[in-house]
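In the two complexes below, chain A is the common chain; its partner is chain B in one and chain C in the other.
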Partner chain A sequence: MLGRPRLYTAYRQEAQLLPTWTQKVVCTLFVAVLFLLPFDLPVISHIPLVRFLGDSDWMRPMALLMVLAIAALGLNLLAGVAGQVSLGHAFFMGVGACTAVYLGGSSGEATWGHGLPIWIWLPGAGVVAALVGVAVSPVAVRLRGLYLAIVTLGLVFLGIHFGNTSWGRKIAGPPALGREFPGLDVRLWKEETPLINVEDDGHWLWFEVTDLQKRYLFLLVLTIAFTLVAKNLTRTRTGRALQAIRDRDIAAEVMGVPEFRYKVIAFAVSSFFAGVAGALFSALSQRILATDFGLFLSVEFIAILLIGGAGTTSGTLIGTFFVVMVPQFVEEFTKWLDRAEGGLTELLARFLLTEGDDFGIINTAIQTPGWTLSVFDWNIVLFGALIVVFLIVEPLGIFGIWVRVRNYWKRWPFSY
Partner chain B sequence: MDGSVGARLSTIDLRRGAPLGFLVGALAAALIFGMVQLANDPVLFFQTLMKSLGLGSVYALIALGFVLIFKATQTVNFAQGALAATGALFLAFLVQKRSVFSEGESVVERDGHIPFTNISNPLDSLGGPQWVHWSLSVIVALAFAAVVGLVVERLAIRPMIGEPLFSVAVITLGLEIMFRVFNNDAVEIELRPIGVPWEISGFKVGGALINWSFVAAMVAAAVAFTSVYFFYRSRLGIAMRAVAFDQEAAMAQGINVGRVFAIAWAAGAVLAAVGGIFATQPPVEQTISVDQGTANIAFRALPAVILGGLDSVTGALLGGLIVGVAEIYAGQYAAGHTSWLGAGYPLIVPYVVMIIGLLVRPYGLFGTPEIERV
Partner chain C sequence: MHALLEVDDISLRFGGVTAIDSVSFEVREGELFAIIGPNGAGKTSIFNSISQVYRPQSGDIRWKGASIMGTRPDRVARLGVARTFQNIELFSHMTVLDNLLTGRHIRMTGSFLAGALWVGKAKREEIEHRRKVEDIIDFLEIEGWRKHPVALLPYGIQKRVELGRALAMDPEMLMLDEPVAGMNLEETEDMARFILDIRRELGITLLMVEHDMGLVMDIADRVMVLDFGRRISEGSPAEVQRDPNVIAAYLGSTELDTSTAE
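The block that comes next holds the complex of A and B.
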């Protein structure tokens, strides 16, 4: 059916993961590039735009991106597909992180832990978070819209508080300091030498890989697995039921979709994603910190969905890329401006940068007195502004822009 | 639905019957507990009551701001906390007179100026007693807050008329994030005192110590609720209710919907600022200064709004008082259990009360249930 991508002759064809050959080829190439990105291969390092992402400086944001992508896919299932907007996603991430450190961390005087291997603590984090999600859902299922958002927001505050109690500290560690988190090494049980070494430099098969590259590949495999699960779930009976509930819940119930059951399923699956992502999130920073899982993180996920385009898997991934990478780009840009000498860039630098209290927008000094803001502060302002601007200008997000561009070329030279 | 009777019954139990029984039980337990404490130590009980009513009034003020904006624009304004901190910060700037600013290359410190600027404070030249000066500063600060509310509404909310309600709510979340950065930048690491005339002093009634700020909060709440009560009966108030009921129909009747939005946001911002000023005083905080935590008052008051019902003025008052009473009494009488409840546990009591309340009434105590149509 080359050339007639919209012509379906069977239901199976319509529900395909990648319906057209173009999509199949592009997707395969994209995944191949992702796997080869961290290695200094002659072809990859010459692709414009993405080549620097494989540098070791960018491995850390890339790892963070993938972890947040897993969590965002979970929220997309709940908020984008099932229409239940939750501000409590950070709470479920925190539950996952606490479970992981309880199962996998070392036990000591001030801490609880069992020192179990990753194949127990990583799924365990997801399962416990899912169970908490199911426990919360009797309240959540009764509410809708803003009431649901505010109740789930309450969960975040409850979570941070209980992370700071005497028993919470035994799991989450002392406040502001946090607690050491188990590494990503894969062990069969508690033995010394890991089965698959992720934390140190070494070689896998017959390639030399550094620890950063190893972590990248490890997370990439996980992210692709979770993306497939999320994408496939929307193609099943469950996924269709969730979409029916999102579009009109009472109509769905009249048509025989048990609303209560499917909302509980949505909460459980989304919390599972969040739990696993929370465990990985803390594993990345090697620390678990209760205050990390606050309102800001929850808002970040809402922003990811809105900027990327809610309800679509690819939109969620693009949104995550955007939200994680834009601050990095701004920071790199400021550093580059700061180093600039002569010409237009220095003029721009003199206009934008400052070190004291004088005229200038971005303050590069460590202490920032007066009205000027540091890059870090500007990034937060930019984040807030992006949410506002995207919602006013393009409510469907980047995915909506892409659809418009695609449709323009598809219909070209006609306007509709 | 499943079709099997067992499954249906269990669903119904989980959703309606059990929570109601739980609520009645909890209320009875609280009542008995209160009676016992009253008999035990009436002075302490009275003192705690006044303190909790003070806190409840602050929550009710903030909640009223939420409700006013919700009734006009159908949106929860998550930026209310940032507006509260901004208003309080304006007051702090008007009251505080030492200014550090840069003049050319050098940094200058000067007294009698508004902070960060070379502008001398015009209110200073008026003279008169300190409380007059302070009251004038409050009025100017509230006017500033109203202007901020108007600007926010015009730039960020007006373009969203007719868009999904949740999008507007998320816009206010984005605004909150932006505002917080600017507020924290203005506060910096120091505290910014707001120069309350009564500071943290109080008076004694039969052995019970009552702060002046409790009384002030109660008076402010009483004034605010009375004026809103009469406002809703005025011509403009009726227009606002009409807009809340149906925007298009109101527009067709010649009501200027944009102006109603603007007025609601200005009023909401003023109420937020009043709440922000009280958020720096006891019983909320002891510092009587604006700091980086002042903006959190809105998130502490959110349970009051939800418990009372998002679109009910009565709900805002009762919700605020219930939540305030629950928080202060829990802090007073469960202090022995701090070891496992964690330090600062009273702060999460509102959220627990809210979740229990929502189990019984999903639209709050006085909220209008959404009419469900297929």
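The block that comes next holds the complex of A and C.
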């Protein structure tokens, strides 16, 4: 028989980020795997599902995932923790990207730029976005719920419009074309050879790494740092004040939580996250395009929160993984089916795939005549359906499902 | 015994409705002052005026001699005024522990940056204040509920958690808005015991609104009776009980005109 459970004997133990040994071990292993993932290590490659992540095809979605995760963590602080639903998150990302390209981009006839190094433009992107967030936050004190969502939605259109103005073109480049964005290379100042080269193949310390691997590791370190900050904010005084405002704003004030100040803080921090993520987002494609920061991106973040579980840090990360990776899986799955020869998989392929006119629902032909949809279209349908299903069945998202599974096994064999 | 809180001739109107009509009273240090009256008499409006959620149009409210009119609610809380609510206003998605720790908010000083990085004062503070909160959990006998989200707790426990959240603020005066509303006899007696302990052990001045006459008559030092926003009587529980105006307000009367009372 098992003995007594390990009990906490000091508040300090309980206040730890990962209070139990199981959590410590699992989390360390997980982070270690994340760091080793891009390399073709024999051990890592044998973990199921991970194998194909070693392919460089998967490095791009992983990089995008991490950038969106940083932004989603920011929105989670604002919408999930503080309860201020904002549809303007893409706007703040755009502000960050514009600031970054203004500070870090090269100046030319049609463009403004100062060519400053990353340690200025990346934090600068966050700070300027945060300041814009502070400027917007008084609106949130007067509006709540749906009304705030609509007002922040307006920001997205203002942002797109700004991209079309003469100033906007000087910063974000011509519409539909965009402008070159500074890479992630770390320089001390404006020197030719970077201090840490991130954008080209080369070696770090004693290891040979490709540009994709370098970028992956660079973003991984940033994402972990932002995750820790988000988690710490949530579990300390500020986080409790924000949650108090979300749950009962008047009671929170009577308990001594200044509503105005904390809403400003929520907007500032969330926009900081968004600004940094926006700059990284453009840095990934090395091109800034004002129309990238549109309504669809904002809605994607809302979907991330709803699917992952609003208000929880780990839920936000799971949600981002889901929203970025599920389309990839579906696409990969279809390709795999298409290649299948013989046996069950070919039978399945017969049923699911079509080239336009025969039996099947997924159209693999280039054009999509008839009523069948392409993989891309199916992904959008799946995405919408998931939001509906989660809202109705499990409002706490994947995190809620996890809590239920965990509690079931904790109590097993008892039902409660 | 000097007055801790002085309410001086306040009036509060919502459009054409006069919720509070020239009410004055004072709460002395260390006493248990109760406000009673029929539904809609303006009892909760007085609480909301003291915590400055409502702004009375005229009159003055003084805390230790200094006016608090026009102060923000969170500043009033900082002065040492805590309260509970008639309909439970707990932070329903948070655990009991987090609710009580939110009560400690005004006693904590760690900056949000230190909190974000989990360093220095913010980190030490979390543990220090946890200790304080555990004392309150122990005092109110809610140890078993510590980590439960409050929305899932039974009503009586929620009331107790709300009392705990107010106590966590280390207040000098605690305002209880119907602490035993909707409770059975056993729960009422438990709550009465907690209220008396708060007064005796923690030395906190109490201002209470309550409908349970038995409880008010048993534990209050002084009672004020309101009807239609106006004060119709004030005195010791025994005096108030005999006051013909009070009897008229509660039971109805054809002989007495309540407007002549002072």
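Quick note on the criterion: the second predicted complex is superposed on the first by the 398 of 416 C-alpha atoms of A that agree within 3 Å, B and C clash if a C-alpha of one lies under 4 Å from a C-alpha of the other, contacts with A are read in each partner's own complex, and residues count from 1 in each chain.
We adopt the following convention: a contact is a pair of C-beta atoms (placed from the backbone, for glycine too) under 8 Å apart; a residue touches a chain by one contact, two chains touch by 3 or more.
Just so we're clear, the structure is a prediction, and the values are computed from it rather than from any experiment.
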Figure out whether A:E253 sits in contact with chain B (first) or chain C (second), or with both, or with neither. both
Contacts of A:R240 with chain B and chain C, given as first, second, both or neither: second
Where does A:V186 make contact in the superposed view: on chain B (first), on chain C (second), on both, or on neither? neither
Is chain A touched at more residues by chain B or by chain C? B
Applying the touch criterion given at the start, work out whether A:V330 contacts chain B, chain C, both or neither, answering first, second, both or neither. neither
In the overlaid three-chain picture, which partner chain does A:V229 touch, first (chain B) or second (chain C), both, or neither? second
Those residues of chain A which chain B touches in one complex and chain C touches in the other: 248, 250-251, 253-254, 258
Report the residues of chain B in contact with chain A in the complex, numbered from low to high. 1-2, 11, 14-15, 76, 100-102, 105, 107, 116, 156, 159-160, 163-171, 173-178, 180-182, 185-186, 188, 299, 302-303, 306, 310, 339-345, 347-348, 351-352, 354-355, 358-359, 362-364, 370, 372-374
Which residues of chain A touch chain B in their complex? 85, 138-139, 141-147, 149-151, 153-154, 157-158, 161-162, 164-168, 248, 250-251, 253-254, 258, 260-261, 295-296, 299, 302-303, 306, 356-358, 368-371, 373, 377, 380-381, 383-388, 391-392, 395
Touching residues of chain C toward chain A in the complex: what are they? 51, 53, 72-74, 76-78, 82-83, 85, 89-94, 98, 101-103, 105-106, 108, 110, 112, 115-118, 122, 125-127, 130-131, 134, 165, 169
Residue positions on chain A within touch of chain C in the complex are 11-12, 14-15, 17, 228-229, 232-233, 236-241, 243-244, 246-248, 250-259, 265, 311
